Each structure stands twice: as C-alpha cells, then as structure tokens.
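One structure coming up, written as structure tokens, with questions to follow.
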Amino acid sequence: MTTHTGIGKTGQAPAAGAATRRPPTGKPALGIGLIGHGFMGAVHSHAWRTAPHSFELPCKLSMNVICGRDEERARNAAVKLGWRSAASGWREVIQRADIDIVDICAPPHLHGEIAVAALAAGKHVLCEKPLANSVGDALAMTEAARLARAQGIRSMVGYNYRRLPALALARQLLRDGTVGDPRRLHASYLQDWACGPDVAQSWRFDPGIGGAGALGDLGCHLVDLFRYLCAGDRIQAVACVQTAVRDPGQQRDVDDAAVLLGLSASGIPVSFDVSRVARGYKNALRLELDGSGASLRFDLERMNELQLFSDDVGVGTQGFRRMLISEPGHPYLSGWWPPGHLLGFEHAFVHQVRDFVLSVTSAADPAPSFEDGLAVQLVIAAAQASWECGSAWTQVAHPPVASDGNHRQEQR
Amino acid sequence: MTTHTGIGKTGQAPAAGAATRRPPTGKPALGIGLIGHGFMGAVHSHAWRTAPHSFELPCKLSMNVICGRDEERARNAAVKLGWRSAASGWREVIQRADIDIVDICAPPHLHGEIAVAALAAGKHVLCEKPLANSVGDALAMTEAARLARAQGIRSMVGYNYRRLPALALARQLLRDGTVGDPRRLHASYLQDWACGPDVAQSWRFDPGIGGAGALGDLGCHLVDLFRYLCAGDRIQAVACVQTAVRDPGQQRDVDDAAVLLGLSASGIPVSFDVSRVARGYKNALRLELDGSGASLRFDLERMNELQLFSDDVGVGTQGFRRMLISEPGHPYLSGWWPPGHLLGFEHAFVHQVRDFVLSVTSAADPAPSFEDGLAVQLVIAAAQASWECGSAWTQVAHPPVASDGNHRQEQR
Amino acid sequence: MTTHTGIGKTGQAPAAGAATRRPPTGKPALGIGLIGHGFMGAVHSHAWRTAPHSFELPCKLSMNVICGRDEERARNAAVKLGWRSAASGWREVIQRADIDIVDICAPPHLHGEIAVAALAAGKHVLCEKPLANSVGDALAMTEAARLARAQGIRSMVGYNYRRLPALALARQLLRDGTVGDPRRLHASYLQDWACGPDVAQSWRFDPGIGGAGALGDLGCHLVDLFRYLCAGDRIQAVACVQTAVRDPGQQRDVDDAAVLLGLSASGIPVSFDVSRVARGYKNALRLELDGSGASLRFDLERMNELQLFSDDVGVGTQGFRRMLISEPGHPYLSGWWPPGHLLGFEHAFVHQVRDFVLSVTSAADPAPSFEDGLAVQLVIAAAQASWECGSAWTQVAHPPVASDGNHRQEQR
Amino acid sequence: MTTHTGIGKTGQAPAAGAATRRPPTGKPALGIGLIGHGFMGAVHSHAWRTAPHSFELPCKLSMNVICGRDEERARNAAVKLGWRSAASGWREVIQRADIDIVDICAPPHLHGEIAVAALAAGKHVLCEKPLANSVGDALAMTEAARLARAQGIRSMVGYNYRRLPALALARQLLRDGTVGDPRRLHASYLQDWACGPDVAQSWRFDPGIGGAGALGDLGCHLVDLFRYLCAGDRIQAVACVQTAVRDPGQQRDVDDAAVLLGLSASGIPVSFDVSRVARGYKNALRLELDGSGASLRFDLERMNELQLFSDDVGVGTQGFRRMLISEPGHPYLSGWWPPGHLLGFEHAFVHQVRDFVLSVTSAADPAPSFEDGLAVQLVIAAAQASWECGSAWTQVAHPPVASDGNHRQEQR
C-alpha cells in the first residue's frame, strides 16, 4: 500500500472517457463505491451526484459502483441512483482498483467488518452512523482507522446533522463566545413511525442488526451533537430509562423510547429523550442549550431556523430571535440559493460529501472521526448497561485515544 | 368547634352593612384573612376581589383582613389591595371571629405553623405552594387537615396551574381517553431572573426560608402537574442532578437549576428540567405528554393555547393543532370573554378562589388537598436526597394516606 | 357649570362612609356612572374595580351607578359587576350629583346623544368605540367635546388596543426612530363568530344600531391603530370591497367582510382585511408594519408578544425576535406581575381607566380624543361610500379640527 | 415538422453512448437545452440532473447544451452545472437536432423571441416565469403555443410554487370540497434584498429587462397561485398602489413595493402585498385563504408546512393544525424521504421537470400553460395601468382563449 497523496488512483481514466462529451477540466477523479441502496443509500447517492455541482471541489467524483446483496435490485439501484455499475458483494467492491472511497450505508451490524476491510485495502471510508452496534466493533474500527491514517487513508462517521447550516452556526456561536459557558442541554429526537400496530417489521426492531432500538438509532445523534456543540466537555456518567410499547401480536426486542440523564465533566446536566412512538413528531430532533451568555433552540422539523436569545440588544427589545439560516455568510450557504430559499434534509449529506472530499484531497483528517463515533457508542453502551442494571448510574468508559470532536475544516 | 355547614359565620353583618349602598342580595358571606402581601399576596387579593364578579358564587366574600409583619406596610397593602383592615400578627388573624378562610401567602417555611394553627382554630385554609419546605412540616399539615376535615373544615394547596383552562382541558383529554395511555412526559420550568450578577438577594436564595432552590420552587409545579394529568400514576424513584451558578461575590446556597429523572409506577419515564438561569425564558413552564392515542404540548408563555396531535382526522391532514382555549365550553371560560379574548396569569387564581369557595360552601373536599401537596414534597425530598447522595436513584416515600390527585369539582 | 379642578364632587362622602371599614386614605373620589352592561359593560366594570389596586391613582373611584334599559337586569348587573346602584334611564345618570365620569358602553347608535348630553351636564365622558355610527353624530360629539374641554371637562374614545403593552411599545419604537419611516402597513382583524347558519341575531347585524358591519366594528380598530402608530400621517383616499355571506334563511344587511386599500399622505400603501366569517380566527387582529429601519409584527391572539426585526445585530444573527412584553420597563407593566406572567384581554381596559383618570385629575386632555374618534369615522365613512359607488376611490374628508392622534400621557 | 410521439429524436444515441458505462435501460432519451445560467439556470440544472433519480420517468434526460451570451462563462457553467456542451447563441441551440426541449431561463424580456422561435423549430418549451414583460409578447407566445400544440409540441410556464407539496395539497383541499367556497384570499410576497443603499444594480431594476418591478417579479406568483387554487374564478378588476424607495444616489425606475386589490368574478376580495424592501422578510410568500368550510395558511419560509382550520373535529378541540407535508401520500412525496425529512426550495423545480417530461412523453398538455401565463400578465398589466392612472380601478382584459388554470396531470 502506498501513501495516498489525495489524488484518486482512477483520476485519469474517467477524465479521458468524458473528454468527448464535455469540456475537459483537467481535474483528477475519485472513484466512489457505495455499500447499500436503502434510504441512506439513496440520500448518499444524491449527495455524491450533487456536491460537485454545488461546491468547488478539487477533483471529479466518479460514482463507479453501488453494492447490494441482491444482484438485480443492486442493478436497478445503479440505474435509478446514478451509478456506473452494480455489485452484489462488498468484498469485491473494496478491492476494485477504480474505487478510492468506500461509503458504507449497510445496516450497522455490518459496519465494522466492511470498514476494517476497506481501510486495510487502502480505501478512504465514510461510514453511516452509528459507527457500530457494539463497542467491540467500534474499537476495532477505530484501531483500523488509526493505522490507516498513518498511511494517509481518511475515515469519517456520517453524523450528518453536524452539517446542517443551523447547527454549524450554533457551533460557531459556542466557539466565538456568544453562548458563553453551557449550563444546560436538553435534546429530544422523537418520531412516530413505530406507533401503529401494523408497522412493517424492520431491521430496526432486530437488536442483532439495528442495535439498541430508539436509544441507539436516535440517541446517538443527540450524543454526537452534544460532543459537537460542547467540544471539550464529555458525558461522564449516565442513567437511562427505557420503554417498549408492545402492541398485540408484535413483539419487539428493542426499546421504543428512552430517556437518558447524563452528567458532564464540566458539571452540567444533560438530558435526552428519544422515541419512535411519539405521535405527531415526525422527525423532531429538538435541542435547547442555555449558556451564561445566550440561549439556543433548534428544531429539525424547522431545520432552516435557529433561535437565539442574547442580551446583545437593549433589555426592552430582547427576545428569542428566529434566524433564517440562509444568508450567504452562513455555513455552507455559499453553495446554494439566495436568502430565504430553504434547504432540505439531503443538503446536509451534500455538505458531508464536500467536507469529506476536501479532507481526502488535502490529506487532512475529517471529523467526526471514528474516534468520535466510538465516543458516542461508549455513551450509548453505558446507557444500555444502566437500563439493564435497573437504571443505575453508569460510568462512561474513556476511549483509548482522546478525540476532541472538532472539525478540521469548517466552512463559514 | 362546631361542624361547619358551609355558611360563613360572618354572613349577616356585611350584608347588613352593605344594604344602604347596594341592593341586598340575601347571600351569606365568608370572611377572608390573607397572610402575606408580596407578589402572591397581590395576586390572591386580585382573585378574592374578582371571583364574585366573574362567577356565580353562593356567598359573598368579605375581604376582612390582610396580615404582614410590618404594621405600616400591612396597612398600605390593605388600602392598595382592597382589604378592610390590616394586621401584623398571623395568630391574631386566625383567631378573629370574622374570618372563615385563612389564605396563606407567607414564605414556605411558615406554612406549616400557620396552617396547623388555623385549621385547629376551625378556619378553612388555602395554602400557597409548595405546601412546606420540609416533609416533616408537610406531614403535620396533612394530619391537621385530616382532623379538620372530620369537622367540615376544608384545606387546599395552591397549585394554581391546575386551573389554567388549557391544562384543565388537557386533563379532560386524558380522562376521556383522547390521549390514551401516557408514554412519555417531559416538562421544564425555566426562568432567567437569577441570571445577572446584580440580582437582588431574595428569600428564594435562603434555604431556611425558600427551601430547595429552583427544584423546590419550580419543580414542585411540574410534579403536581404530573399527578394532575396522570392521575392514578405516581413517581416511584428519582435521580436528580443540580447546578448552582455562582457569580462572583454572590454565594448561593440553593440550586439554580436541576434535572430530575423519574420512573413512574406505570413504567413511563418522566423528566423535568428547572432553572432560574436559563436566559430568555421568562416563565416558561412547558410540558409534553405523548400517549398511545394522542400527544399534547403546552407552553405557559402562550398559556391560552394547547397543542394536540390526534389521529381523529385523515392521515393526509393530520398535524399538531393549536387550540385557542377561549371557547364557551372550555374549562372556566363561562366566566370570561368571547372566543379569542385571552386570559392572563392571574385568571388561574380567580378560578382557584371560585373552586375553593364552592368546596367550602358545598362541604366537599377541594383538590389539590394537603395530601396532594405532601405527595409533591415527597418527590422533591427524594430528588434532594438523590442529589446529596451523588444523584443516586432514590425511592419516593409513600404518603401515610393515599391521595388520588383528583378534583372533586371540575368545571367544563 | 364650574370649571373642574380634577377633584371629584363626590370626593368626601365615600371616604367618610368607608372610614369605619378601612383605614382612611384621605384621597378624594370620582363618582362613576356606567351606561350599558353587556360584554363591554362587564369589561369596563372590571377595569373600574381593578385599576385602583394595580396602579397608584390620585383619587378613589366610586362605582356609583350602572344603567340599563331593563330595571331588573340593571339591578342584577349592579350586584354582579360591583356597582352601588342601578338605573334604567341614562338621562337620570348623567344628572346625578354623585357622578363625575360617564362611561358609555351602550350600542353605538346611542353614543352621540348620551355623550353630548353628558358633556353638557359637566361630566367627563369615556365613550366606547366606535365613536358613532354616523359622521353627523361624531361631528356633534366632537363639537360638544371642544366646548366642554374649555370648561375642564375631559372626553376620550375607548380604542382599547392602544393600551396593550405590545402596541404601546410598538409606538415607542416608531417614535424613537427604531422603525424608521414606515413603508407598508397591512393589518387584518378576523373573527369567525358569524360563520354558522345558527348564529344568534345580534344588534351587530342591524345597521341602524351596529353601523357598518365588520368594516365598522372591526375596521375602526385598524384605522385607529394606523393613526396611533403612524402619528402625523393620514389616510387620504380609500377603495373598499365588501362581502356579505348570506346563509339560507338569514338576511344580513351589513357586510361580513371587507377589504380596504388606502393611500396615506406620506405615500405609503395601507391595506386592511376584516371579517366575521373567517373560520379559525377568533379575535385575530394582526398587524405588520415595515419601516426603513425595522419591521414589526403583532397578533392579538398572542397579545403579550411583539415581533421586531432590526439590523441592530450582526447580519449573521439577525432574525425576527419574539419579545415577550412583560418586563418591568415595558409600558404599563409596573402595575402587574414579574416577567413572563402574561396579561389578558381586559388589562388594556384597566390601563384605559388608569390613563383616563390621570387625565381627569391632572386637567390634561386624554387620547384618543373625540377628534381622533371622528377621524376614524371619516375613513370608515369614505370606505362605505366607496363600496356603494362600485369600490371607487373616495377621498377621506378632513375633520374640522386637526387631531394628531397623540397621547398626552404615556407610561413607559 | 412531424408530429411528435413523445419519444425524443435523440433517443438512441445517448443510450448507445452510455451503454459501456452503465447497464442499458432501453429507455429513449430527451435532449435538453437550457438558455441561461444565472440563479434560475442553476436551479433548473439541478432539477434536470435530479428528477430521473427521484421519480420514475419513461425516458432518459440528456443535458446536452447550456447557453449563455459569454462563451467562456457558458463553458464554465456547463462544467459546473453538468451539461455536455456550451453555446453562446440561443438560435443555435433551438436548431440543434439533439435538442427536444428548450428550457428558457433568460431574463424575461427575451422570453418571447426565444419561445416563439423554439416552438416554431418544433421544440417543447419550458419558460421561466413571468411569461413575458409585455402583454404583446405574451400574446405572441400564446399564439405560437397554440399552433405548436396542434403538432404535439408542448409548452409550459414555470410557476414553480404550484409544485410545492404544501400548495399542491392546498389545491386538493379546495378541489375535494374541504375548504368550501373561497371567501377571502390575502397573499403577500415580501423580500428585503433591495433594502440597503449598497444593493448591487440588478437587471431586476431595469424595466426594459426585468419588467414591472416587485409587482411583476413577485406579484405574478401570487396571481398565478390565486388562479391555481381558485380554479374557475378570475380577477376581473384591480386597483394598485406602488411605492419606490429611492435611496440617495440610486435611481430606480420600477416599483419596490406594491399593493393590489382585486375583485373576482365570484365576488371575493383578493389582496396582494409585494415588496423587495420589507426588512426581515427573506422570501416570505404567505397566503391565507378562508372558505365556507375551512381556512388555509401557508408561509414559504416554512414551506414544508400547511395550516388548516376545519371543523371536522369537535368544537372543543378545534384549532389551526400545522400539517407537516412529508407523508408518503402527500403530493410528490413518493419521490423523497420518510415523514419529517424536509424538502427545500429546489424540490419544486424537480417536480416541475417530472411533470413536464410526463406531459411531453404522454402527449398531454402541461399546466400552467402559456395561456395561464398570459392570464397572469393581463392582471399585472391591469395593475400597472391602474397605478399609472392614479390607482384607478382597471378591468382585466380577457385572454383570447379561455384557460382554466388546471393541471392535466397531478400527482397525489
């Protein structure tokens, strides 16, 4: 394996092949292979297709192969989602010479095996969240990422909400001192798709595949956002209560809802509510962070808005202000439309592709790293252990290597 | 002491005295004595003055005496707030023959002594929340209330938010099955008056007077609302994290913020956030309750609204609906204005006076009872103990006598 | 008739009569007579009862008589609403020696006759809105007010929404330059009480009593608020479209909804929407005013809030801010509760009583004056004429005497 | 010219050329040529790239050429936006054999000439809004569309907001009787980009290029939405007031803001507010439509939501419900993400491409047609004439051929 320089191995061929059809750009290309073509596979495909048209990238992106277990479905997905070829085995994909980046959108129980093998094969890896279902897998992935990093191979976990402009702005307001010292963080992530008695059986209900229910699936986003916003702090101990709503004729082996109370190193209380059975909440990730200087509020169902209360104006006209995050100077907005023209869910994934590609081509480490993903899993694992021990307070294990949760590249 | 029949001892005199000035109504009168003339004293005074003009009551209300430690300030308060006389000692007030009802708005460390003495003197007692600072006081008060009840003497604790039309409607929607089985309750009560370094020293910072900081002052409302809405359920165990924000030069001995995680008898997780230092939140008691049938949301800063998500309409047009609680059929609205004409903070206290007077005159027990108030204190005490034991899970003691948290009279 | 000094003629008696019951205050008293005991009569009664307990007034208020056509109903109203006596003829009331202030809450077709006679009898007059149904009446009332003013007799028209803290703050933000030059004002006042086929027949549907339908009843508030906020400007010409929704079996002779387009002297477009048949809108007076410096938004169904967009903060954190108008420094808030404890509909009437009494006792002219009320009627009359002439543009007549729409006393 | 069958002339070549790179699909292809590469050019490019991956289309889309006046900038745009080639003259584009569809995103003063020539050359035409700056141009375009239609050539004007799921649902609620008979429509479209003294000189300020200022640019959307939602009704007469905010050193020859009052054939008042100088409003197209059965509200700054008030539930729990338009059954949502995952501004353009392509391939007429676009221009022209005649009421001319404003294909 040779140290990568940030230029794709497959850089020349596609550019040559494209020369008859469009003006040559002289840019090298990165070959992409995507594992999985479900919901996340479709969203990632959109992002790979779209990022080069929205942002200036130093290379082209060749969407070379998409992979799924069923050959015919994978072929159909390739046509539908814009990939040049299809494959039915991920081992084949990670060995292909025309692949520089492996994007893992398979169910979480497969993340570890694929990521470790892909990194060993010298491929940059973007892995969907959660990093893994087990801490063991996550540790192995982190170790693989560490070794690969020394070879110039990059790895990142797909906590996409970090790339929402509103939350990226929230982080700026924490870093520039506007918010001051955090005093309280409460977040919830509520959905209701599992409410009905007739909800389709999903792998999300199988702990062997989906991991720890709502806690694992939704809670991990909240833990990651805590680490993103309150960089430098960490959740030291947690107590967790879970509930399972068992409709007649339907046994579920994972939690449908959970509440997690955490205590951070800096002494602030952190509480998280997650649920798949909260009627009326469709994709309601909401977050409140009060600091010594200002308070922030966010609601994913109004994802283009961030609310800020600050005493930077006279007391008589203070109030929570609803900032529409669509100005040219807001994070990631340089790639999009004039003020007031909203972004949607998939835009964060376009930003994720942009940032990951910039990391790969600049030989810089992207964030959130696998270490960040491991840190999240350690909190989830502690919460799960807490619930299994009667909700007892449970220490969150320290990861072997410190991770600061910081982005190396940030766009303003 | 004789058993009261619900007719005030002072019934005749004021009617006679008033005869030359207004058409005699023939109604008996209840003589009221108010202990305290601070913020709550002013609000209660408003309620005593206003209730007879908004609702049909079976008796007149004679605002006979207001009591404060400083004689001159009490006299001024009498003039300002509409009381016939002033007193500087509460023992004098509870012995006066022209007093049927003692309304206790003194700081909480005095509640126990006054209430026990007043009940012993045969007076009906309305006591501001929290019932007491210590479980010991609360137990003594409950025992006094039990003994007095046998003599027809009524007692009630002033958890006023039960009388907000929006929350009274919420309870109806729980009782009539609209909400179904509760699955999750999260509530927060956030204020920011203690934010600044220059906040005036208040008795609320003295644990000997104000009790358990934000937890005691604000959290007790949330515990009471849980008991009100989820009647029949109880919080069995709690874990609590507290924070104190110590600004330079200002030592505070009580918590400024707290988070409480509770587990209910029916297995639902309950979480509460309270704070006096949450910038931008002025009086933000917010509550979310998801049930198997519907979800509710409430925000005290928009107290005339209740949000309901229910699948009683087709899936294509479902959504949280913002109900403006101002229709003639809504709880307590018969006393007020046409639809869309909003109520304010003090209206809940007018409703409280109405309901308490109806209880007294109909020889029925009002709610929330002292037992209800004790039940709240037991949760707060467990939370306080939890914090003092490193946030350990702490069982909530059972009160000596069961209380179901129900209203005996409800208005629709 | 003698020139009043601002001290009530009835000042001594009530104080003496009250002396045995409460500490004497030595303040003179003003005797109040209220004509009408419907919805507005009840709200005004509340205000007269409450104002002295919320604000420092230089005199006592003696609620001496309430008047209604039916003697028994008037007597019941006196008891219910807190008046010392009842009367069935308004001519008797305005001649009574113990009456200093006549408060007119009769239907609008009676305003003129009562007000003119009361002023001639030397009584200060507070007259509910609209000032009158006809410009002729309004002119006569204005002339009577002018003559009385020379004798120290005060008069005011009850456009209560000027006394909402949020709108009083809006005016401050216009006066202090925050908003800059107004560029656009759109306001709507929507209700839905007349929607159903079974709505009770109300005098509001009788043009001989209620005047010009929704346009007259609701539109007049919007015209008054334009004059209040954009003081110095005036609506010069209007075009008006009206609609009547005639349900089967129910003939209505007045408009149910109207739209008014106006052009102001300063060149800004002004548009008003009013309706009694707008489903879901209960009392929705909403107002948007954009200026060269900032923009304001208000919604009466969230009357404790005012929204402000101003570029007084950096472009990256700008947004409409929801100001909760409940701070001690906000208009009228000195009389009420701590921050975040909301006010209701009737509070504006308490403020109105406060301001009117301060005017009467300080021998200053209150606002809005009868001239202000006339100015509103001239716009409504022009709009009515417009509709009757095929919505043609119609000039708004100038009142005989200029009125600047300004308050003489304002509380901050 | 032969009658088109809905299969692109260029159908075989691209499929063959693509065969080596991706699995052959056997689908024919349509060749697309885009005129213009500014803001709208970028949005349309995104839509052409994305539609085939989000929706099932019966053909492939070959993005063959993008056209701009400056050759180098056009070439750069081709690379950035994903087109196979660039051209600097639109006449060349409309004659190319590999072009089936001409998509016109040039400034409006060029729409007429390009569209007429493209239709004459046998190309299907999608033309950005407004259809034209002058009624003369619009008439010529409509005539050209009529002639082309007989040859199977399709044409459509790009009023994209019809394809927002929330507004498409609004239309369904009007068509299925939920809303009942419309009684009032008020809409506003406010922006603030022209506020500052330093706003860049844009062609939007040049009446020769951009047409009638805010009225033409923003107002046309509102007129089109009225026609879309209230299909069958028409605006018969209008009165219009305009304002121009002339900052020092900056002469603008078009209106910055306008208010339009219209009277519809069915007798309902329609009012529109538009502005480019309304501080704080970024892209605020808001719409309120009250009907005899229900009321609707929409705000483009929260474009994934539609508010509905309906009495389909008991009076005690009625309220405006905030419907999150993200369910599988909502219009266009089959192409996107699970419930609660929001769409952005550009999604409506993807839907527009989908619908236009389905029309072209099924030989059905798309909507809004050029006749619909003409009908909008006639209202704008009448409004402009009104303003030039002192805001006089002005009749809206009838188009030569009736247009019902209906979609032929609608997706649910």
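Per-chain numbering from 1; labels A, B, C and D assigned in written order.
What we mean here is this: a residue touches a chain if its C-beta (ideal position, glycine included) is under 8 Å from a C-beta of that chain, and two chains touch if they have at least 3 such contacts.
Keep in mind that this is a model prediction, so the values were computed, not measured.
Steps from chain A to chain D, taking the shortest chain of touch contacts, total 1. When the interfaces A-C and B-C are ranked by C-beta pairs in contact, the top one is B-C.
Chain A and chain B have CA centres that are 45 Å apart.
Distance between chain centres (mean CA atoms), chain A to chain C: 56 Å. Between chain B and chain C the centroid-to-centroid distance comes to 35 Å (mean Cα coordinates, whole Å). Contact of a single residue of chain C with at least two other chains is seen at positions 281, 310, 318-320, 324.
Residue ranges of chain A in contact with chain C, taken from their complex: 169, 173, 178, 305, 307-308, 310, 312-313, 315-324, 327, 329-330.
Residue ranges of chain B in contact with chain C, taken from their complex: 17, 21-23, 25, 39, 43, 45-46, 49-50, 53, 75, 78-86, 191, 193, 281-284, 300-304, 324, 326, 337-347. Residues 183-184, 186, 188, 190, 239, 241-243, 245, 257-259, 261, 263, 267-269, 271, 273, 275, 277-281, 290-295, 309-311, 318-320, 390-393 of chain B are the ones touching chain A in the complex.
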